[in-house]
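Naming follows writing order (A, B, C and D), and every chain is counted from residue 1.
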Amino acid sequence: MSKKPLNVAVIGYGFMGRAHSNAYRKVGNFFDLGYDIRMKAACARSKDKVEAFASQWGFESTETDWRKLVERKDIDLVDICTPNDSHREIALAAAAAGKMILCEKPLARDSAEGIDMVKAVEAAKVPNMVWYNYRRVPAVTLAKQLIDEGKLGRIFHYRAVFLQDWTISSDLPQGGTGLWRLDVNAAGSGVTGDLLAHCIDTAIWLNGGVDKVSAMTETFIKERMHTLTGKVEKVGIDDACAFLARFKNGSLATFESTRYARGHKALYTFEINGEHASIAWDLHDLHRLSYFDHGDQGIVRGWRSIHVTDGDHPYMGKWWVPGLQIGYEHSFVHQVADFLAGVTQGKPASPTFRDALETQQVCDAVLKSARSGAWETVQG
Amino acid sequence: MSKKPLNVAVIGYGFMGRAHSNAYRKVGNFFDLGYDIRMKAACARSKDKVEAFASQWGFESTETDWRKLVERKDIDLVDICTPNDSHREIALAAAAAGKMILCEKPLARDSAEGIDMVKAVEAAKVPNMVWYNYRRVPAVTLAKQLIDEGKLGRIFHYRAVFLQDWTISSDLPQGGTGLWRLDVNAAGSGVTGDLLAHCIDTAIWLNGGVDKVSAMTETFIKERMHTLTGKVEKVGIDDACAFLARFKNGSLATFESTRYARGHKALYTFEINGEHASIAWDLHDLHRLSYFDHGDQGIVRGWRSIHVTDGDHPYMGKWWVPGLQIGYEHSFVHQVADFLAGVTQGKPASPTFRDALETQQVCDAVLKSARSGAWETVQG
Amino acid sequence: MSKKPLNVAVIGYGFMGRAHSNAYRKVGNFFDLGYDIRMKAACARSKDKVEAFASQWGFESTETDWRKLVERKDIDLVDICTPNDSHREIALAAAAAGKMILCEKPLARDSAEGIDMVKAVEAAKVPNMVWYNYRRVPAVTLAKQLIDEGKLGRIFHYRAVFLQDWTISSDLPQGGTGLWRLDVNAAGSGVTGDLLAHCIDTAIWLNGGVDKVSAMTETFIKERMHTLTGKVEKVGIDDACAFLARFKNGSLATFESTRYARGHKALYTFEINGEHASIAWDLHDLHRLSYFDHGDQGIVRGWRSIHVTDGDHPYMGKWWVPGLQIGYEHSFVHQVADFLAGVTQGKPASPTFRDALETQQVCDAVLKSARSGAWETVQG
Amino acid sequence: MSKKPLNVAVIGYGFMGRAHSNAYRKVGNFFDLGYDIRMKAACARSKDKVEAFASQWGFESTETDWRKLVERKDIDLVDICTPNDSHREIALAAAAAGKMILCEKPLARDSAEGIDMVKAVEAAKVPNMVWYNYRRVPAVTLAKQLIDEGKLGRIFHYRAVFLQDWTISSDLPQGGTGLWRLDVNAAGSGVTGDLLAHCIDTAIWLNGGVDKVSAMTETFIKERMHTLTGKVEKVGIDDACAFLARFKNGSLATFESTRYARGHKALYTFEINGEHASIAWDLHDLHRLSYFDHGDQGIVRGWRSIHVTDGDHPYMGKWWVPGLQIGYEHSFVHQVADFLAGVTQGKPASPTFRDALETQQVCDAVLKSARSGAWETVQG
């Protein structure tokens, strides 16, 4: 069957620009898509850098002004991989131009920006999605499947952490390329929007909505050199954040994230305890799912370490043979595949901008609680 | 050298009565003590049961009234292994009678009771200790040693959980033998006093005092048959409790405990993240300590799994040979050895009643915060 | 009910003298025995050392000549904890004196000695047993139970290793207290008799008899100071040994042992692959059993890590509560309990001397094959 | 800088055809190559299948006759992904035509075929390589680096297994697409050439040449339906193979492979014990390396689990950020990158055909020993 061409433009050439470009290039080799993806344009402010990026990834053209890019008639899909402070503006313009939009997480710096974005894409009726990629790690998708099948029963507990250690040195500056995540103006917040947003997205997907939260944040290093101003400036982001939560389904949760957990590079873990079974997962061994089934015969009951590499595991029939693991980047490939399948079938794949707004609202409540010292109800 | 006889009396024949008796009988085979421990008397209300217990454990005599026991001239040390509601009363009487006192944890049902007990033993100047036994699991003692040596540097994070799953069934009754932990009158609280107290004791020992907390508790099963009244009664304990904490040293912490975490029998874990190194431990594999040293050469840096069974590991020179693990019960043996060494040297071994009161005060703040919904400062 | 007194004598005060003494003292507190064990006599050549040992462990008397000991009328059970070169002689005398005999493993230095011992105890009709204690680690006993229930089906593969690293230094001498295991005259062989004997005993118990073997041995350090002669002498033991085996049931096996595996203190592991399920175990985490059941639903199939601490696990109902592990020493306690239950019921508990002879015969075939370079059939 | 075009042709569209094609397409996005790889031609006997394959992977043309393909002037590199029985013939023709050749492992069905192939490529002076891809899993490459740096010192032991469970059912037929590995004529041997060849290649790379071996093989299921003849035929391959080995450096080794190890999909593991340090690796968690350094301070010595995802780990600077793992397929990408770097620099990247012949010679000795029952010296 013939495939419809799909012209893709990526804005931003950083870590996410690479991860998404890889997904676009690769998805068609492994998944049957209704579309023939074309690497149409890359966009970034630096002409040299965007050309090098385009050359490396096979983009046919480049732009240095995203406004020009979103107006190009030959672009079908705009992928926003820029720092958080430009998500809203680009998304609104892309929606107005009728483009499909994929936006890197978090949706925005806060809910107010996010609401504008949701309104824009819904008014424009353009397919849209946010890159909360961990939903599509096969082990995580399997967790969702097991929960949906009722294997866990009533949920009592949810706990998640996202631990890193890359900002412990006080010599590390803030701001600019690669370091905008430490600049509160660019990022909106610190670990809350960057890391906890992932945990919250997964949690809402697996366990439903969050009712209220009690949080604390800390900025361990109060001042850092700002690479853009050349001055030592106050650090505005949260270096660490932990919160208690009550979900709408009655379960209790703890969430924690920090960039000061020595020994952990990107340790996102979650565990869910249900009446009949429990599940745990860990980004450092993302191809495994831990599962405890109380229904097993007593003397041989134990946590199972499932090597999620079989043909009947989510997405894995598309890859290699049992026992051979895939990695981090594949979650993005799956997301493109699902997004396009959703477009083809007219059923939006989640998380849409609207879905991602819910995560933003939890983040807002978390940051509000950290300031107020009180429990805060999630708005939305 | 000749050893001083030490006549021990144990009140209570349950799980802890057995664990302590085993420690008294065994310690002299492995540790050089200044005392020759004699199993002098066992005490419990049921004559049949206490006699069976005494016979099994080699006690020379029995009592059915603890008041008579504490007044006996031939008893040097009274060990309180009864439910929490009797700790205060027995301890006060034993102190008045000038006995050494070892009391099962938690010290009391609340700080008010605890303060009375501290006053009593300090006024009587009797050696005293509380059975927070996990401090003397060799891997935990090693953690303390590493922290005291400065290997971790500034501490950023502390997290601990104590997860069980034995009360998920609503058919389980409350009250009476083996089930008094579900009866709020006997226990004082649920997981907070039973399990989090362990976590807090270790945390204070390793990381210093707690400044303030924000907590939530939940009772998932609201009513249970009471074995003593034969009626379905309201459950007064907390089935689950989680709290955020700020330590006096500026570090942030999360604590959680529940008896509704399917798949976990007694999973007490803690992790500490410092500037230079991190440490983690797990009661389900209590003979191991996980350690990450950022000072290791970069390409071979990784979490080390230390098999704490070498002769130069804490306490381990007294046991077998490298590679051969000890178990849960040995922590009690170590505690008796340290207690008696402290008596001999005139330096009280911790945790004394006063040390344990601090844990009680954190528990009080936690339960208060769970009721108030606000951050509460730890009194004391 | 009243219990029969059982007067126990232990010959040898080393590592095994301690481990066995601990078992005798402790077993009655946890197991219901028909016997009241009395620590009657300790025996060793050094008067000072045996008296210190007797004092530490509560033996009522001491002997410095094992010949006198075995003739004492007040001794019911003789426990041989001496180096291998004296097993035969002591056992023959003890059998002639009508004593129950427990002998530390290996039974003897070779099968020829072992056959004499089997004949002696069988002629004398005295209860007898060899301390292959790992059979009675609860996780290993559970493995036996699962195999006997048919959960594995046809067995295809067995593999075992016993890895240590304590003799890598060429400065370590051979011979004498604590080092007789390096002296071929005292030990009979190196890792084959010391470590592989454990592996073979377990394997025969779990998987049946061994048909034939092909082996290699190596002595990495050819000469060591001998502590008894004060001279550098040739090392006669095998430092390492590996062999292929075919079991009578058609399964294939690999076995390996060494004292030159850096990083392993006492890593005895085995794995068994059957048609329907597989089992693995590891002495460094002896309280766990790994189990893979192919009958589990495909998408949630995985190796289960069973925490063997529940009341319905072998022996564990006698100890603490679920989640609280026991250690190495408990396997000896279990062995005493089973031995005495066997005596009471008139059903010898295994491994008897005869059972242990089978292990000796495999060891002989292994050492013979290492010399011949050919496959050797196990005699017996 | 401008890049030289490199026209690649892949023969075979199976598992390896896909894995290699993915590598060719992807390598240029992540590695700086002197070549611009072009997917020029795919070749397979079935016209329909090869066209579907070419379409999926972006090959510009197709062939159904490999003889025609190797003669095409517009092909620079021929990649042989066919069953083993055609490796020799295709390689000889491709060498004669002056093509660069990459050949899927094992090099051939036996050394005799392999020698012809080595002669052909060396006579033709064409760059050549065999796809022993596991050398280029970053954790394995790191192991090589640590050994080359002398971190392990003298090597005492090497052990490797490759365990699978996919052929346990007797219903599984032999021969034809996807099942040729069970047909001795197509494959040459069973697990020896398919799986042990990987283990041997790594071992030679890490530990040097093998001197002699003692082996056993077994075919558990003696007859299987042959899909090409439609008849039940004798199974000629080895289902399982284990062997003892002595390396030229004096170290001892055990190797084992089977397709009857229930619970293991593709569990390739190796462990190396040196005087100063040990290393272990496991394909099921291929992004980790276990490392034990005896030089660490005694009380904190332990096996380190290195998450091989940092920028200074082999190859990892080309991928994502620390903590984010890559998978199986990336080893092929690395191999293409290294092969082309070797071509550019005129230094052949290993394993060349000649290197791979050495593995073949060990395989031959293993199979010979399994037949003879004697130790066999490796020829070569």
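By our rule, contacts are C-beta pairs under 8 Å (C-beta built on N, C-alpha and C of every residue); 3 or more make two chains touch, one makes a residue touch a chain.
If you're wondering where the values come from, they're calculated on a predicted model, not measured in any experiment.
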**Message:** Suppose chain centres are the mean of their C-alpha atoms. Which chain sits farthest from subunit B?
**Reply:** D
**Asked** Distance-wise, how many Å sit between the C-alpha centres of subunit C and subunit D, to the nearest whole number?
**Response** 42
**Item:** Gap in Å, rounded to a whole number, between the CA centres of subunit C and subunit A
**Value:** 55
**Prompt:** Any idea how many Å lie between the Cα centroids of subunit B and subunit C?
**Reply:** 36
**Item:** Multi-partner residues of subunit C (at least 2 other chains)
**Value:** 264, 288, 303, 307, 310
**Asked** Classify the inter-chain contact topology: is it line, ring, star, complete, or other?
**Response** complete
**Prompt:** Contact residues on subunit B for subunit D in the complex?
**Reply:** 142, 145-146, 151, 288-289, 291, 293, 296, 298-307, 310, 312-313
**Item:** Touching residues (chain side subunit B, partner subunit C) in the complex
**Value:** 15, 19, 21-22, 25-26, 28-29, 56-58, 164, 166, 264-267, 283-288, 307, 309-310, 319-330
**Request:** Give every residue of subunit D touching subunit C within the complex, in rising order.
**Result:** 156-157, 159, 161, 163, 165, 168, 214-216, 218, 220, 240, 242-244, 246, 252, 254, 256, 258, 260-264, 273-278, 292, 294, 303, 373-375
